[in-house]
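Below: one structure in structure tokens.
Note that the chains take the letters A, B, C, D and E in the order they are written out, and that residue 1 is the start of every chain.
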Amino acid sequence: AKTLKIGTLSPLTGPYAQDGTDILQGVKTAVAVFEKAGGIPGYDKIEVVPGDSACDGGKATMAANKLINSGVAGVVGAYCSSATIPASVPLNQANIVQITPASTHTDVTGRGFKQIFRMPPRDDVQAWSTVKFLEDGLKIKTLALIDDRQTYTVGLTENITEFAKEKNKIKIVALEHITPGDKDFTAVLTKLKRINPDVIYMGVYQPEGSLMVRQAKALGLKSKLLSEDAVFHPKFLEVGGKAAEGTYLTFAKAPETKERKEFEKTYKNMWKAKTVGSYGYYAYDAGMILLETIKKAGTKTNKMVDTLRNTTWSGVTGEIKFDYKGDRKLAHVIWIVKDGKFVPYWDPLTESYF
Amino acid sequence: MDTASFIIQQLINALFLGSIFALIALGYTMVYGIIELINFAHGELFTAGAFIGIIVLAALQKTGFVESHFVITLILVFGMAMAYVAVLGVAIEHVAYKPLRRASRLAAILSALGMSIFLSNGMMLSQGVSDRAYPSILGIEGFSILDARITYGQVFIIVLSLLLMVALQMFVNWTKLGKAMRATAQNQTMARMLGIDIDKTIRVTFMIGPALGAAAGVMVGLYYGSVRFDMGFIYMIKAFAAAILGGIGSIPGAVLGGMIIGGVEVLWSAFLPSEWKDVTTFVVLILVLYLRPSGILGEHVSETRV
Amino acid sequence: MASEQPILKLEDVHTYYGNIHALKGVSCAIPSGDIACLIGANGAGKSTTLLTIFGVQRAAEGKILYKGREIHHLRPEQVAALGVSQTPEGRQIFPRMTTLENLEMGAFLRGDKVAVAEDMEWVFSLFPVLQERTRQLGGTLSGGEQQMLAIGRALMSRPELLLLDEPSLGLAPKLVEKIFETILEISKSGVTIFLVEQNAHMALSISNTGYVMETGRIVLTDKASDLLQNEKVKKAYLGE
Amino acid sequence: MAELVLRNISKRFGGLLAVDNLDLDVSEGMILSLIGPNGAGKTTVFNMITGVYPPSHGTITYRGNKLNHLRSNRIIRNGIARTFQNIRLFKSMTVLENVQVGLHCRTKSGAFRALFRTPHQKQEEKEIIDRAMEILEFLGLVDYRNEYASYLPYGDQRRLEIARAVATQPHMLLLDEPAAGMNPRETAELMELIIKLRDTGLTIFLVEHDMRLVMGISEIVTVLDHGQKIAEGTPKQVQENERVIEAYLGTKSKERA
Amino acid sequence: MPSSNVKKFIVYSLFMGILILPMVGLPSTGFEITRALLVWGVFVGILAFWLLGKSIRGSDAFQSAAGGLAPFRSRLFDNFTKVPTKIYLCLLLFALAAYPQVANNYMVDVGITCLIYVVLGLGLDIVVGLAGLLDLGYIAFYAVGAYTYSLLNLHFGLSFWSCLPIGIVLGAVCGCIIGYPTLRMRGDYLAIVTMGFGEIIRLVLNNWDKLTKGPNGLLGMAKPAIGYPSFAEGGVKWVSYSLKSLHSLYYLILLIAVLTVIGVGRLNNSRIGRAWIAIREDEVAAELSGVPTTWLKLLAYAMGAAFASVAGAFFASKLSYTNPNFFIFMESCIVLCIVVLGGVGSIPGIVLAGIVLIAVPEVSRELQNYRMLVFGLAMAVMMVLRPEGLIPATRHKRELHETEGETYGE
């Protein structure tokens, strides 16, 4: 008659509440699926303790402490790197396994904490795929970057700049910035229209990304648009509409496995949702491997860490294998929006079209 | 794109952004002008207007009415959003501000802030946390001046907001309401003793101001193509800045302030490092207020009359 | 001359400021066309009486009748609509409106533009200074100028009942004379006047009836000319 | 030389010349009254002396120091204090505290001494209270010391204003219509009070429309009209001056006074 | 219920009904009304309860009953007031000190956050409450403190304690810089300018990559340490003990908070505090009573900023991380809420509000999305019911004779 508790940390309030809710729901789906498949011997119930990190350092540590106190065996979270980093300190002190389904900042795993893992590829991995595509796929000469000066997007544009300088095939002709929450980006876009770079990289989140493609169309920009996984969201297609057509995006390519279809169906049923948000997948996988680990190794942290390190998991986001830092090897591929859908387009590993 | 069209294009961008700021600032300044309250909920009223617009539009789209009666659709969408938000404004006034008329200004500001949080979270709960696509009925067709593009949607919105501003100015000047509002703002008790029904005056203000906000909300939704529960916040701040910059309580001031804020934002981004755009906006605001402590067109009273 | 039915009647009116019991049962009746004068020490409740009549302060108990109609539950704007106007204590000028606008506000309820313009001329003839200051903001006028503006504004509504709270306050002696002359003149045109004054001597000498107020009660009512001779009144309020 | 010297003072508000080339001397220890029709510029003179706004033209000298362009609080520190035509008390402070604020410019302890509550600061706080009590005693307001200023009856508020002004330990006190709104009896009390204040060594500079007060206590009366001095002299001289009667006093007052 | 209350009930319920309308779901998400109805129901319930209470309290029966109880109540009250306030304060302090011993880590963490906000609230009270300057950018000074400590610690290895005075001075300087252009402004012009300054500081921190690492934030600052002499192993050695645990951090912030309470209390009852209040009440009259208003307004900004700066340094060292995102406008609003809700100028009120406003929403996270909804509504309702704040400030009253009973409260 024991209950196993696992915690989540994600912004359930504030502007990122959508992604935060996706994460919570992803983990809850994992628990449901796992329990249905037999659960863990010795426990008759698995409970998800939600923590609201609110994308704020202070609140995130409080939430983390709360999870520690409620005796969770592991934590999935958090979302914003600026919340994950402070929240990981008490979790590290309490020696609780943490898997972030979203934070990509290099410092998240780069501080020597043993029990922290992450599902999505790091900023530099994504930047590498991006630059590779621009250099070898599109073979362009000039690139303009836009970011919204948030931790995530700045990480991406910085890394892209660095990679681009390495081979010096691409010239970065502009680095522009917008304010998150703004709706009008015409000033910056007009500026870029004048420069007319081959590609404009939009290092922004989905709401701004959707608006940006529309305004680019309205202004008659000729440059191609390229964006990243934060924009890879059904909402982008919905809001962007026709203007979104032809936009390239980087996103991890998962095999269209049976499990994935199954998961999507369960998720949609459980949450009465039309689509699954991208972090739902990562969170589901994080939840699943956390539960698998406990099933295999019990709740002793050392054993859990060993198991997590040494196992190759297969999840709905593809193969999962952690390196010594806790980072995952996962390549992004390039997608394109075509006929109102995301379609895989180019694979940087094989340098070939799908 | 040559320099001339670049500049024209950026001026168009500035004009467009400025007229939206101006419209929100107008509603804001009206409410402020009469009860001297920073109406933090104005941003939420703006958002609510956008949501009502989307509801009406979605409903009409289902019936195929939009294609057949485009103009009537627009009238309906704007009309319903403005009417509803006007009622909402009155409701807020009644519940959260009216009881505080005699209390300290800070208490009223907090009550407004509370209302803002309440409404924004309420909308989040019901309309979802992510942005919603606005049916794009305005399209992106337009025409070019040199190489600068302007869409018909933009023209429509600029013209409509100018019309609304002029209508408001005429309404306030030609009816006794304008005078009643100013008197109410300056001395409520005396205004009442002269026969002004200040409850009615305030109520009307709380209808017009939010209704203008709602119109702006619908415009933003229609043109940009999405709405979200928290989008009012940034606009509220900009409108607040615009209203103060122009001289709070002054209708032409609000328009001027909105244009300046929009202009500074766009033109700074256009020629200089864009990450400092917001810093510049605030610096301009502070500089102007430093030189003219009651705003550009604000009534300059030497309050040191002793 | 005063007719039978009083235009204004107070019956046992009580008013509170929070816990402070400011009026403790005020009763009086003012005949139509009369000039009545209320005198009393500082803090006696004179201003409160006027404010209560106007509905700015609520009468907690008692009745106020205007032309036989109960008005104690009416709001100030409703009272104003009945043809009552007031120059309140502290002048209450709209500081960020010009002199002209302030005067126009006095005629807020009136629609007859021609008559309003005439009255404006009349006010300017009473206070020529105001005409020189039409474009100046009310808040920057001198103390006395504001006082004239407050009186002028009250006249602009063409009231039937005029409540004046210390109209001579802050006015130069010459103007004080003028004010009292004007009051007499207005009264002659049929307006009833209820006057509160510290300048008791002058006030009583133009009034018909006088009331003396002490700590929230009217303690003495008499013909004004008699009050002028009353020893107690002389001592306490006339400074003789 | 007189304590306060105004030379060629003018003040212009837009098109209006509120004070026009005025010369005025106030000698130590006297009671001087400034009278004149409404809008003559009396309050404006006070405002210029106390630095509310600078004169458009001319110089103001106090005990040999030029006051033009000094900030008000410095002028008060130099020894000039004033009251206001429309009462301006600190309404939500107690009577005692109102007076304590007046003592601000004569005390020194800053924020750091207050934070660490040094012996010097404690001592000074005690002195502030004692001094404030003395002043309240002098003006007969001790019993009200714990009332909020706004709850005082009108006449007492006027006296509290004087108390606050006296607390700045001035040499010269400017009183702007102190008797406005007072009845004759209260005015008589005020008259005594002003004389009492003068007897403590204060110079009194009075603006007032109550002729009984002005004529009763002034040594010199200056009359202003349209910003210009039209007469100056003893009360008796001024009262009989035709220009003054015409511009200011009116005919009836002559009979009464 | 008197009919006026019934009318009130109907009117308010109706208006509230309109207010919740935007919460009705959209056709596209499925028409959803239960949530809106729930919110409405709760509101109506509370309203009915309150009005009922009000009419019962107003009724004659209650009045006479209360009259009968009055002597009893006053005796009770007397007994309470007979105990000197100092004893209560000691008890409170003891409770606060004992708190971590009985609370778990989470609760201690919440306690720390509350105390940080108490310090911020008291600091802002100097500016808003005492000097009457509406400041919407106060959180910027919190940022200044946090970044001063972070940068000095990371680059120069300066300890928490040596950074404190530097942070205080820098905060005060920033306070003056912000204060200077606002000196001539009043009311809401001040509000927008201070808000603008707050945003400017945040944006500069966010954009100045070279110094602040921009949105990446600064990471890895040392925790505060305390040193003590150790006599073990012969001879005296200076051992430094790093305050790593939540408990020790709690005691540190408790100390800071207590010092802040004492400091603000002393300022309030000093010549400086009185001058501030005089400025709040009537700036012109204050200047003309010999108060150097310009200097004192700057001083208010500087003092307020200094307290925020201390809190910021503590915050940064507690998290070992800082990021410009922590210092958004909403944070300024929350601090302002603490001041106003507690009662402008009232130290006990602000302490109470700091605890209530931070702890209650934090602990009620179970409510999830409804939390902020309720928070917003509660704020408006609180202001309507108690516009003076939870514990309104009373000005200090001076007794001449011991016998006169002191009266507090409304």
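Quick notes
Basically, contacts are C-beta pairs under 8 Å (C-beta built on N, C-alpha and C of every residue); 3 or more make two chains touch, one makes a residue touch a chain.
This structure is a prediction, so every number in the text was calculated from the model and none was measured.
Among the remaining chains, those touching subunit A as well as subunit E are B.
Shared contact partners of subunit A and subunit C, listed by label: B.
By number of C-beta pairs in contact, chains B-E lead all other pairings. Seen from the C-alpha centroid of subunit B, the farthest chain centroid is that of D. The mean-CA centres of subunit A and subunit D are about 73 angstrom from one another, to the nearest whole unit. One finds 49 Å separating the Cα centroids of subunit B and subunit D. For the pair subunit B and subunit C, the distance between mean C-alpha positions equals 44 Å. Annotation for subunit E: residues 207, 284-285, 288, 369, 372 touch two or more other chains. Within subunit B, contacts with two or more other chains are made by residues 121, 124, 128, 132, 275, 278, 302-304, 306. Residue positions of subunit C touching 2 or more other chains, listed in rising order: 140. Touching subunit D in their complex are the following residues of subunit C: 20, 39, 41-43, 90, 129, 133, 136, 140-145, 147-148, 166, 169-178, 198, 200-201, 235-240.
If you check the complex, the residues on subunit D that touch subunit E are 50, 52, 71-74, 76-77, 81-82, 84, 88-94, 96-97, 100-107, 109-111, 114-115, 117, 121, 124-125, 128-129, 145-146, 148, 164-165, 167-168. Partner subunit A is touched in their complex by these residues of subunit E: 104-110, 113, 116, 206-207, 214-217, 219-220, 246, 315, 319-323, 325-326, 362, 365, 368-369, 371-372. Contact residues on subunit B toward subunit E in their complex (touch as defined above): 32, 36, 38, 48, 51-52, 54-55, 58-59, 62, 84, 87-88, 90-92, 94-96, 99-100, 103-128, 132, 237, 240-241, 244, 248, 275-276, 278-279, 282-283, 285-286, 289-290, 293-295, 303-304, 306. The touching residues of subunit C, counted against subunit B in their complex, run 54, 56, 75-77, 80-81, 85-86, 88, 92-97, 101, 104-106, 108-109, 137, 139-140, 153, 157.
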